[in-house]
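Below, subunit A partners subunit B and then partners subunit C, in two separate complexes.
For the complex of A and B:
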């Protein structure tokens, strides 16, 4: 068996209530929370790029677990399908053909892209809708779609360009780290499906220890700069990578070398956010007045037809 | 596989050549990752393309498709020249020291006895020299010893010659050869993982033999982490093969008689398997027991000693085999009326689609048994350029019988590692779909009734079939499995004590060791005997116990033969029965018997030094020189594919494999490099499984559209843009595809000439959820392997050009 014992985060017991509830929140967008009485053990998903064979089992598992489908597209000259994250596609494999300038050998770098679950989440900082983005004490960053207003600020706030706004319901979507599965003591669907254990899930400490072993192995195979990607600029992440060339994360389909939350978002978070919220409130009042004066917006047949198109023929 | 999937974790070096395990066998590939992560094992990939397997390899070397034998004989030459040989193993366990008959030669690409007109050899000199005692003569240093002949045979495959033929840069070849040669020590093992990248050539069997010979020289057969490991492409293709998939075989690798073998005695007279050395087990000496028990299983009471156990009822072959190529050739000639197509999509699976369509159009009826809508079932339907037929001109009646998929039935699947794993139905069949067993039984019962009512020519084999099932209309998977295992059909008293019984009538046999040749036992497939005995359904066992973590898992499912997990495992210990590698013990001699972690592949009390480990061979040794067993030579030799970008540099006059069967008219349909300059190959992608998953929306969205892959250099030369449309054509057909321009394919320099590779994945057709597309078989040549007729899909010639837009549906 593997030298790595697959460890799940603390399973729910009588002492720990089932499910990640409001009492487990450490951060809540545009609002405050009182710290949880008992913090959960921080969890992490570790993606070992050096073990990944790009089979896309994780993509399919993600679609199945979240009951999403992505349309049958066209080939645009690569193996990336779909080519990028979408509101229905929370994870995609990014294939990069990279010629190592030192060895002159081709390396086919395959990185699973998706939400990194930052310890310091830029999306949450940027979000103006109270409670639409939350962070649990185990580190998972989750979206509450009932509260999302679809403004897209989370997209701007994310240093990894992850959230996508649905054209259907105008809500933001991204990987939940399978918070619903984790809440009942299971790992994420992608990790469960991965045939080579390139994706593993456990407590963050365990994952870092496992990564150490993997890095040792990679160094023994000549990857002198093998290392862990757990960028400090966002306070570390709860999705981490083992990279053969950790000194150049950007070669892995533009994984940021030193991701940071945009200074504008930091500024917004600091003080402007509340002024901005006030302004948004003013717009809401204007909207109400507009509604009272001119009546409700009507849905035209064209609107309906367009919505049908957007939802696709599966719905 | 000689070994098992789980055993791969025990290896030091994985060589993936002739396959793409990460891509086509991602779940099994986990054992490679285990070996790498936990043993520090290295992975080498040798392939024309930088594959997904290559993406996680420690070393990748390119090779031109269809030149694997030159590469492997080059490695053997390297090992012999640098004394990287596990000598104790080679001397004791292989036929290296045996002397070959005088007169055997190899010259200008041909072995002794070639007859050009018949495209066949007289193989009489391809054998050992026997002494007056009837045993083989042995002297390693004799100029005609197998070892001396092999040394001479491989000497031409120098690193320079390998580079010239294969296009593998010399330094890369030498690096691979050096890494492989390190496994010649008794404490280092290498595993060979291969698949259709080796079989789908006109010399596919010899590709595999070349590696098997290398593994023997390194002492890697029969040991943990070693072996020749064929990765089977369907979940049960191993089971199908075991049960007589090939048209010249009956279950358990017994052979169908030829029309010259008119009587039972005549058939048996050439199947004596007399040992060629003293004390050898020569296990095929039990052939008669297996064969008679098979006949009893099929015809029951109608098979008697008096009628040669109903030998006359067995079909007799008038040709070497009725393989698919031959059947479609006959169909094309208008000689076939009806065709049953069960779980098979030949319109996309067999070569030269134009010929297949013409052949199917000449049938009176075509029966399709499949859970999915196949292209074959719709061969008559016009789908624009994707299936450009004139439906009105096709008179074939197509009958579709919807069957069930694996998740809707119960039974066993035999995996690559020979494990028979029982599974249970996960769902009920949709609509009118029926299990294949129900369909077959219903057809049988109706035919039988017709024969009984109306009579007919030679009805006995059909009406006398032994059909004792609780519900004759649908035998259960358990009933069929018990029949494979075999049972006693009469009480057999103990010859030493008549009050006791050796076998009790009606009881399941414990294993094939209980089989008898007097008609008192029945057994559907001797190698499966033991799978469902009086202990119960052993295939349903699910214990994960694995003492000392050897990876054997003896109580998980059941493995043929007799639950043995590693074949030839006696060879894991030296001549005295001491394990070669103490840290990787498998079997050892404890002074009185063989013991260890696996079921011994030798009589438990056969003394070491007396009985050789390769018990199926009459000489007890493994064969570096295969006598007359293979049609195209006792050693592998480099032959170009029938369509090759360069001539055979070793034998310029020889085209393709000189004994591969070519039907009339097909030779004229082979293209040459002047007209078709690019070397094409076909392969699978991980997102899909053959032509099934294109019916699944999820898979279809992961890899939606047919494409071909070419190098950046060829793209530039031909003005092809990445993601743009191209037309690819061979002498037999034309397809349109998207172009994927990639660094993963590089031009190779062969015999001084740049060879561009065009990669053509399969998976697309005109039915299902994916975008409509073509299969590579619109282009591929109609020729198969000289021994087993697997079509040459992996190496053929095409031309390519950019086009403005895609096909019109």
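For the complex of A and C:
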């Protein structure tokens, strides 16, 4: 018989107690910041998909903590409700009915969708408003709504399709990793609410260790490809998944296999800016230099005389 | 002689000096609405283009306002430029002498008009500016709508939006460069700006820079 021992999440550590402030920023949109004198311990939320029962308690906890309400909807014949993230729903359970081709078993895959808190956040890279997106030294990526201009560039920058722009105040919203709770030494609301401890929170190192145990357990139960989702293409993430089929993340409602900031976004935010500014500057300078070198192109008295002759002939 | 590039309202007034009507009041108004829109678009767009110019959002009442207003000015620009296009496209068709003019760009830049072929209402350089503006404004409005997420977010995929914003930024840089050339040429070639303020140029200016057009106007009388 497999090992059914309950693997409890680690107790919240004193290590992660922080007061998040401007002095803790490692990245700030459309700005350069000097690294903080003392970096915080990187944190992470670990979502064990194999333990999730789809109860949606975390969704409710999230709405509660963030003081959001969503309108009552209609049943569209699926557990997916709302079907996707909204400016008020920072997390949504995505249900997939998947037939395992090897075992012919129907597997119900339930993934908690939301911001991954990328180490290299595409949203922050794309954002044109100084300080509207920040990353703290513990890894949390947060939106500062006072500075957001609602342009939607973060939507284009994000490899996970996470930010949503509110039609009410035209600002971008997403999971904060409960930065306001973490700042006072608490874990995220969703992690607190989860009845099966599928969501746990701690330092990133602790979470990786905890994941290792879970993966061992899953492997012993026949999930040979069980593994951790901490995609290196975005420098790793501060929200990680334990997947029973880590070799094919796409089956979990299109979780990208190798996410990275789109090369189109890299080109837009990289070369285009430098080459563009250089080109505009060059045109202006060439104009100035040309004027200094050749002088004004003036109409001469002979030109006027010629015109008078031409029109005079016809008079 | 064909009068393909004489526009309605163009007229010669003999005298000392000769004066030539180049743009009607309607054309000038149309031009200045277009010009102001383009400048406002460049300023509001560049504010979002690079953090070093983000302060330009102050001109429009802050970031949210800049983001909101820019695409609307784009619509004004498009409609207004369409008016200019209808007025000017015929006179901007490519002619045999334009190739020669282009081949002698050295003389153009040096200000040696005596070595250049006689040209009509527009020279090859002005025609290039005209067609570049036409194409770029089309590219800008199409790519602009694809990233106008406040109203049209659901009509394009995120990947299409990524291409659109890249193309929009590149087209914007290009049109600003074209605009610099256009404005510089108007300043360098003295006597040109009057065409768009008073609507008139002197006969000498027309003789020097657009002799074929002047001859056509005179022969038309």
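The working rule: the second predicted complex is superposed on the first by the 252 of 315 C-alpha atoms of A that agree within 3 Å, B and C clash if a C-alpha of one lies under 4 Å from a C-alpha of the other, contacts with A are read in each partner's own complex, and residues count from 1 in each chain.
In the analysis below, contacts are C-beta pairs under 8 Å (C-beta built on N, C-alpha and C of every residue); 3 or more make two chains touch, one makes a residue touch a chain.
Because the structure is a prediction, the values reported are computed rather than measured.
Chemist: Name the contact category of A:262: first (subunit B only), second (subunit C only), both, or neither.
Modeler: The answer is second: A:262 touches subunit C but not subunit B.
Chemist: Who does A:30 touch here: subunit B (first), subunit C (second), both, or neither?
Modeler: second
Chemist: In the overlay, answer first, second, both or neither for which of subunit B and subunit C A:152 touches.
Modeler: It touches subunit C, and subunit B stays clear.
Chemist: If you stack the two complexes on chain A, which partner ends up touching A:70: first (subunit B), second (subunit C), both, or neither?
Modeler: In the superposed model, A:70 contacts subunit B only, not subunit C.
Chemist: Which parts of subunit A are touched by subunit B and by subunit C alike?
Modeler: Touching subunit B and subunit C on subunit A: residues 314.
Chemist: If we count contacts the way the header does, which residues on subunit A are in touch with subunit B in the complex?
Modeler: These residues of subunit A touch subunit B: 1-4, 50-57, 59-60, 63-64, 69-79, 81-82, 97, 99, 105-110, 195-198, 214, 217, 220-221, 314.
Chemist: Write out the stretch or stretches of subunit A touching subunit C in their complex.
Modeler: Residues in contact with subunit C: 30-31, 128-130, 147, 149-153, 155-156, 161, 165, 170, 262, 264-265, 267-268, 272-273, 275-277, 279-280, 283-284, 287, 290-291, 294-301, 303-308, 310-312, 314-315.
Chemist: Contact residues on subunit C for subunit A in the complex?
Modeler: On the subunit C side, the touching residues are 12, 14, 16-18, 47-51, 54, 57, 62-64, 66-68, 109-111, 147, 149-150, 153, 158-159, 161-163, 165-166, 169-170, 172-173, 176-177, 180-181, 184, 187-191, 202-208, 214-215, 218-219, 221.
Chemist: Mind pulling up the subunit B residues that touch subunit A in the complex?
Modeler: 22-23, 26-27, 29-30, 33-34, 36-38, 40, 50, 52-56, 58, 60, 549, 686-687, 697-707, 721-724, 738-744, 769-771
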